[in-house]
Every structure is written in C-alpha cells, then in structure tokens.
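The next part holds the structures, each set out as structure tokens.
Okay, so chain A shows up in both of these, paired with chain B first and chain C after.
Entry: the complex of A and B
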C-alpha cells in the first residue's frame, strides 16, 4: 500500500468533515441573523425555508429531477432522438424469454419467496427466542449478517454452494451434505437453472432475516402480558394463543415489515451481481439495468428498465403513504 | 411476574416428577434444542468461511472446512498476508473510509436542520413535502443514475478531477429522505412544554436547536449515524456507478466483487478478503448494536 496517499487524502478527509458542517452551521447562523433583521410578520414565513432549503435542493437535484430525466431518456434513442415506446417494446418483446421477461419473472420469484420466507423465519425466531433466557445472545447472532455487505454475503454463500465433480471430495457445505448424507450427485447450485434462482434467494433470506426478527420481536414484546396470561388461564394451548392472540396483534407490524421486504426484493442487485452476474437465467431488473447501461451502452433501454422497476414499486409506495397518513391521523 | 416467567420458560409449580411435570420439562428441552439448533445452523455459512480463511491453500482445495475442526490442526495466516500483498485490499479499506465518513456527516447535518423545521415550524406545503419524502423512501435509486451521471461527466465532476466529491454529493441526496424522516419523527416526540418555556425565557430558534433539541436527540442521531455508516460502507451499486472499479479509488465492496469474478479457483484468497471487508462493520455493529436496533425500529420503511 502506497503511504504517500495518506499524506494527501487524510488532510482532505479532515478538511471535509470539519469544513462542511462548519459552512452549514455558518449558513444557519447567518440565516437566522438575517431573519432577525426582517419585520416581525415576515420572520415566521421566511425562517422555515432557510432550514429546509439545503435538504430540498439535494433531494431535488439527486432524486426528483433525475427521475424526471430518466422518464425522458426512456423515450429517446442513443443519439437523443424521440423514438416513442420503442425502448419499452424492446424490453417487453418475445414473452416469456426475450427482453426483460426473465428478469421480471425472477423479480416475482424474489418478491414472493423472499418476502414470505423472511417473514416466516423472522416470526418463528422472534417467538421461539422470546421464551429463552439467553435471548439477546441468539438474537445478536442471527442479526449479525445485517452488518456485512451483500458482496461479503455473496462470497460466504459461494462457498456454501461450491461444486466439485462427483469423483472429487466435496468442499462446499451443501454438496457435501447432498453427497454424504443423501447419496445424490452433487449439484451445480449457481448454474443449474432449476435451482439457481432459489439458491440466490436463500442466500438473501439468510442475510435479512435478522431485520424482520428484530422488528417482529419488538412487536411481540409490546403485547400485554396479562392478555396472554388470561388466554392461558382460559386453557388455550400455546399454538391457539399464537393463532388467535399473538398473530392478529402483530399483523400491523408484519404488514410494515412485509412492504419493506417487497421493496428490497424488487431492488435486489448486489447478491445477483456478485454470485452469478445475472447469467444462467438469474437476471433481475436492477442488474439488467446496470448491464444495459455499462455493458451495452444503451441508456434508453436502461431507463426503460428503471421505469418498469418504478412502476412495480408504485403500489407499495401508495400503500406506505396511506399507512403514514393513518399513523399521522392518530397522533 | 414470577408466574409469567414460569409460564414462559415452561416450568410451573406442578408437583415434581408427575407426568405433567415431565411433559413440561420435555417441552422446555425441545425449545432449547430448537433455539440452539436454529442458531447454530444460521451460523454455519459464516463459520465455514471464517475457518476456511485460516486454512492453507492445499487443504481448502482438497477437503471441506469441517475437517479442520478435528486434529491434526493446520491453521495459517497465509491467506490474509497474501491478499494484503497481492490485491488492493489495504488501499480499498482506506477508500471506503474516504467515501463513507463525509457521506455520513454531510447528509445528517443537513437532515437535522430540515427535520427541525418539519417538526416544529409551520410553513405552507410542509405536510405535503414531508409526504413526498416518505414516498421517495420507496423509489429505486436506479431511477436517478443516468441523468446524474450525465451531469457529472459534462461538468467534469468525475473521480479523476474531483476525487470522491461526486459520490459524497450523491450519497447526501440519497440519504436525506430517510434521515429527515427518522429525525423529524424523533424531534416531534419531544415535549412541547420544552419549547414553550424556552421561548418564555427568551431563547431564540438557534439556542433551542443547538442547546435543547440536539443534546436531547443524541440517541436518535447515534442510530442514524450507524445506519448511514453501515449502509454506505456496504453499498456496492452507488459506488460502482459513481466511483467505478479503478484500483486507486475502489472501495472494499467493489474490490471484493472484482476479486470474486477474477479469482475463480484461487478462492482461498477470497475467504480472507471477505473477512477483511467485514472487520469494520462488525466492530461497529458489535459495539453499537443497541443504537442500530433502535434505528431499525424507528424507521422500518427505509428502502
């Protein structure tokens, strides 16, 4: 490693993390100084804008305006001429294997399997762990994959799925089990089109279950103990209590976690990029967009894929907004 | 309380050695076996890689990681030494810090100002703008890449000229909706008497913000910092788009992804590289887990 770099970059870093907050602080203090010079009536209507404008500028410049730009690009050719819906046509041609259809199909697999299994495991672990005295330790262990990058997660699972020809010793955990316990031929988990999508989804489920477990566990602890006690006194079994008392009370939280997971599933990228690069029929929309942009130099097609992704997210987005307004109304 | 604990652990006051007592004991055992079994199963993938990373090349290629658990023990640091010498991991670790630290500090500072206005000031359109921010939480970042990249290239704001400025700015824009959402919710929950009595005492807006709101919000800001730190440290997509894979600027995630594609069979180095990339987030996570969990609970709509 070249240490001369530290001499130029470390001062830059220190400068940035001191100077930028200082400039922002000076802006707020200076703004307040100017607001105080205004007539009484104007103060209240000017001040809030001074506080929110920097944020609005960034959000507009990096999210809102570019999103509008992407809509325009999706109707343009590489040279910038208007070509109507041609980009969309190319992405949605030759159902079920042409254009973006494989990616759309796989995103549907992700959406259903990833969301359901993560909710299932999250709920199962939350309920089981709630009953043991060493809950915090086991929760930390399950939660730990949340801290690592999806790239590292991809490396971990590449090892789990490692394949050696049938006559060689199997060094991958799963194939060792397949060969030594079930006496079957080893599987090429990541290239075999009948299993590879599920293999990727399984890796992703492993990484995110801690997230749903933590939120669901908090909701579980929010259920009043006397309620469960009353049900037990009435002679209800643990399974009945779960079905009739715990689950209904946790439903709102399950829905919130579920919608978040749906968004994660639609945006799936890193794991696919690292483990298969979208080959062997494992492409997803986010990876397809990246490939169209960088490998095919096709910004129009990439934009069209991004818009398809947005359209897929819109129902969740509307649901989130309704949820938010409902919560606001209860305040 | 004791009744509750007893019910939860499956131990009750039933007479010892009666059939009912035995059934409950058995239920307790099944519970512990299930909990510990699931946890161990969950640990297997990561444990396998960790053990492999300390095994010599020939051993990794000829036997599974579980064989290393029985004697004769044969562990080595070779993989770590080699990967640090032959690849860019050291440099990338440094790049990750260069990208992450400003991309945490800048958006959270800006978000704190905005969140204060959204929580405690009145202005026309406030609720609608806030609603729009909540909507943006779900919008895929992919939608913004192409136009932003075009503008960056046309004004020369690229890594070669400006270093990481472009990716800092982009992460600031991307991090703001969630940061504002989380902080505004926290600020709003502060008791309003606090603001009224400060006003009576003649405290101005600045005093209230810097002397009352911020000090009271340390836990919320801490969870946001950890959240944003882990999110950017672990980010691959935004780094690929705005920084790219050039060795001198690539962060750890990008370098590790490149190694994954290039090393192929030489995957003994990959095991060590993966763990080097995990050290920082795992330390942050293990020391500040409490705040991280709090952040997750406060903002479970993050997209």
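Entry: the complex of A and C
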C-alpha cells in the first residue's frame, strides 16, 4: 500500500494523531484535577458532567445547530429575506395533490404498510424458524438482504419489476410469472400509480425483514422454555400460548423494533431514489427534500420539508422514550 | 383424582443414550408418591413424560385407565409445579392462578371464587395484584402451588418444588404440602433428590438410579429392607455402614469381627450393612461386639456419633450422648443383629 498519500497533508495528520488525543487527555486530566479541588459534596454531581460535556458539544455542533439553521432557512426566501410561513404554505397547498401532499400520503403508506408487514413477517419467521432444524442456516439466508446496499437492492428489484411490451419475452421476474403462469398482460409495476408505491414498499420490506426477524428471534429465545411448558400443562394450545405468553413477553422488543421501523419509514429515500426517483406519484418527503435542494435550488422549500419530517418524527421519539421508561419501570 | 401407571416405559434420546429404562410403577389414586434418586438419574424425565412434555420412546403411561402416550399436554388434565416455578412474569398473581381456569373457559365468577379460595389456603390474599417479580421466593412458590390447586387436577406433579427455599421454609412447606395432599385428596407425584424429603413426605417412595427403578415401597419398608446396595447407601442419614465380608457356615467374617448371620446364605463374598443406630455402646449378652478405633466424635445433644474404623473399614456408630469417648480411643461397641443386612458382592442384591 502506498502510504505516501498520508504525507501529502502533514499538518492534518499531526492534528489527528497528536492534537486530538492531546486535547482530550488534557481535558480529562484537567477536569479531574478541578473536580478534586471541589468540596466533597459537589464532586459527585459535577464529575458526570465533565464526562458528558464533550458528547453534548459534538451533538450540539453537528446536530442541534444545523437543525436550528434549517428552521431559520425554512422561513427565508432564496435570497435570504424573511418570508414567514410562505415556504410551508407552498408545501402544504392544494390538498391532496399539490405541494408535498403526494409525498406525505406516500410516507403514510410507508409508515403503515412497511412497519406492520415487517413486524408481522419478522415475528412469523422468528416463531416458525424457532421450530425448524438448521435454524441458523435458514435465518442467515433471510438475514442476507441486510448485507446488500440499499442501492443494489433497488437495482435488483428494478429488474424484478421490469416491463417488456406484451409481445416481447418478459425479462422481469414478476412479469414473467404474470404472463407465463397466470396468462395475464404484463404490468408496468413501477409506473402504474395503482401499484407502484406498493411495489417499492415490498422491495423495502424484503430488504429489512431479516433485521426484524433476528431481533425478535433473540427476544423469543430469551423466553424461558419452562414458561411455555407451564402454559402447555395449564391447558393452553399453541396459538393461545403465543397470544397470552410469548407475545406479551416480546412486547417491549416489538415496540422497539416497531418504532425503529416507523423512523426508517419516515426517512425512506434510497429505494425510491434508485427505482423511480420519486416519479409517477411515488415521491416521499426525504426524496422531495433532496429534489428541492439540489435540483430546484430551493433551500427554503427543502428546509420546510425537513422540518415537516422532523415534526412527524418527534411524537415517535417521545413515545419511544416513554415506552423505554415504562419497560424499565416494569423490571 | 386418578391412578397413574408406567408400563415398561423407556426414554431414549439417541440410540446410545437411554435415560429411563424399563420403568414400571403403579401409583394408586390419592397416593403421595415420591420419586427420588441422585441428580441426573432421570426422575424429571419420567415426570415430564407423564406431563406430556417429553415423548415416550417405548411403553405406555396410563392416567386412570386411559393411555396418554399420544395425548397433548394440554389435554391431560395434570397440574405441575416446576422447580423454577415458571410463573408468567407479565401477569399478576391473580392472573397467574386464573390462567389455567381461563383455558378451561370457566365462568368469570367461578374463576374468581376458586382463585380467592386457593389464595386463602396459601395465605396469598394480600399479594393478588402483585407481579411475581415483587414476591419473595417462598411467596412465588406458593403462587406456583396455587396455580396448580385451583384446577382440581387429576394428578398433581411437583418437580423439586422446595429446592430454591431456605432450610427453615423448606421444613415448613414440607408439612404444608402434606396437609395440602390430605385436603385435596388428589394423586401427588413428587420428585426430589433429597432422601429426607422422600422419607418424610411419601406414602410410598420410588428410588431411581441411572434411569433404572431400584425399589418401590413405603418409607419404613425401604429403610428396614433395602432391596439392594444402592438403596441401602442412598436412604438414611448418616448413611448405612457397608463392610465387605466373606461368609462361611452362616457366619460373616471381616478383619475386625466375626458374626453369626440370622440365616445361612449361598454367596461367598458379601457386603454387610448396618445402620449407625445398630452399632451402639450397649453390648447385649448374645450380640456381637466390635472394636472401633474412634477418629471423630460428633455430639449433637440428643445423639453422639462416632466415626472411626473397624478392621480398616470406615464405620459410623450412634451411641448414648453420655458415653465418655475421645478421638484416638479404642471403643468396644455392640452390634444389634436385628439390624444387619447382607448384600451379594456381585449382584448387589439383598440376601437376608
């Protein structure tokens, strides 16, 4: 390997390997030195802050500050003048097809369908695979799509949904089945507005189900076997056992996976970008934000969409935190 | 309320791993049967086959006169108390006890009546709303019992239910379980590796070792007439003295003694067994005497145990607490010939 490249920017190199550790070290030693000077009582309450402050600084610098900046931008025109809520007004105009409404509707589709199906399939596969031989092999297979980048996944599914005119041989897997097995006309999966959103969501579900299955499966394995045996002796059938014992015990995990999926659904971007670029009524908020910023040169509009997205995520976050606390309290 | 019978039952996991071998027991209706044996001998497996949690490789298990080999656990109408208690952690104590009744689709009012009744018997009235996490080990154990008794099951299975309790609570619960058995008038099958529990609780005891049933009988009968060397050594605390002997002309000889057997036996090499309480400081005129080299003296107030050797073999004696003896002494002790056992050295079966 040619390491000379590293030497082309010696000041940066020095900064990274000498200055950063030195500053951190000095901070820790200095902080501890100051804490030791404090009266005994104050020490306990001050010391945690010494350790937390660096993290707070980084989060503020790279997350909070840009977010505040985005809020400002969303109230400004392209030239920088204050224009109040105009950017938001433009995004939320002409319900149900104008502004960002299509994207909002599609995000709702994603939110509901993606979350529910991924949870459902994940749970189903976790429970079923718990009972098959070679479980780990089968589970690895299902988990595999997680290793594919979202872009590659989009490309794969684009080929799966490929359309050829009715008289040409169908190279897309789905249309080949539609034509050869069901003897129907091929469908334009990605441009037909009645199905294309669901086609995209299906591809995304395929990609993420392994994640949900693995986590739910771990939760399932965490349930002591003798609880299930006790339920069996108590006269419960397998479905009742799932409903009354297994599922309630997995609930905290289901909620964590569920809220994570909700956030994924709200942030959906890559698959849409690769497969349809948000055309044919498949736009989502993240993609719209991207288009407004880089293609339409409309930072105010993009920022307004970003804030709308942020506002949509906040309730989920609060719920997640509450749930987390409730689970902790139940322990 | 039902009898249970194991008929040539075998449990095999793989062709060379058989954990229960040709198991035959008849357990009468309303009997308290204790299944006892050392750890890993297959007691739990035998019990779990009856509960329907383990398949039966060979043979038949009957509850009443119905063969249950292929009946699902949920349809066997059996209640089981697990060693870990296996309480449902997300349900309150009330719901834990109500669960089996809800499975029977019982009416709410009837469920309520039965749960209240059971919680009254077990002293759980104040804990009904709590989750199992917020209970002590003893209270959890009661909930596990409660969940079993609300059902009025045909058979009541308990797999080492006391092993997680401290010694005092274990003693108390032992008594309460016996009382419960009397009140419920149900067949109890109780698994334990503790021979004291077995001796004090069972109407009858079934002793297992390495997957094989050794002896079935009432506690006193097993104590007085162990069928083989394993049972002799397993039951009783401190355990029975076992000394290798050669037998000739109706006498048993070993380096330290030579005693007359109550009846002649055919085998030449045997193992003489006698419990510590048969070896005392009272020397009867017609009884045998042994010279014991005392090594340890243990005074328990009501009893005095001497540990030492007779002709090179380790032996324990139980003598009067007033007897003056110190480690290093040579003590002359009397052996009560009514309390001796002889086992064949080859087959380990009882000969007397």
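Definition applied: the second predicted complex is superposed on the first by the 264 of 331 C-alpha atoms of A that agree within 3 Å, B and C clash if a C-alpha of one lies under 4 Å from a C-alpha of the other, contacts with A are read in each partner's own complex, and residues count from 1 in each chain.
Everything that follows uses one rule, which is that contacts are C-beta pairs under 8 Å (C-beta built on N, C-alpha and C of every residue); 3 or more make two chains touch, one makes a residue touch a chain.
What you are looking at is a predicted structure, and each value in this text was computed from that prediction instead of being measured.
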Output check: A:138 vs chain B and chain C. Expected answer is one of first, second, both, neither. What do you get? first
First (chain B), second (chain C), both or neither touched by A:38: neither
Looking at A:244 after the superposition, I want to know if it touches chain B, chain C, both of them or none. Which is it: first, second, both, neither? second
Touching partner for A:166 - first (chain B), second (chain C), both, neither: neither
Check whether A:16 is in contact with chain B, with chain C, with both or with neither, and answer first, second, both or neither. first
Between chain B (first) and chain C (second), which, if any, makes contact with A:302: first, second, both or neither? first
Chain A residues touched - chain C or chain B, whichever exceeds: B
First, second, both or neither for A:230, with chain B first and chain C second: second
Chain A residues where the chain B and chain C footprints coincide 229, 232
For the chain B and chain A complex, residues of the former touching the latter: 3-4, 7-10, 31-32, 34-36, 38-39, 42-46, 48-49, 52, 60-66, 90-91, 94, 97-98, 101-102, 105-107, 109-111, 113-114, 116-118, 121-123, 126, 129, 131, 133-148, 150, 163, 168-170, 172-174, 176-177, 180, 204-206, 230, 233-237, 240, 252-253, 256-257, 260-261, 267, 270-271, 273-275, 277-278, 281-282, 284-286, 289, 292-293, 296-297, 300-303
Mind listing the chain A positions that touch chain C in their complex? 224, 226-227, 229-237, 240, 244-245, 248-249, 251, 330-331
Contact set on chain C toward chain A in their complex: 51-53, 72-80, 82, 84, 86-90, 99-100, 103-104, 131, 133, 147, 151
Note which residues of chain A are touching chain B in the complex, please. 1-2, 5-6, 9, 12-13, 16-17, 20-21, 24-25, 28-29, 32, 36, 44-45, 47-49, 51-52, 54-56, 58-59, 61-67, 69-70, 73, 125, 128-133, 138, 140-152, 154-160, 169-173, 176, 206, 209, 211, 214-215, 218, 225, 228-229, 232, 256-257, 259-260, 263-264, 266-267, 269-270, 273-274, 277, 286, 289-290, 293, 299, 302-303, 305-307, 309-310, 313, 316-317, 320-321, 324-325
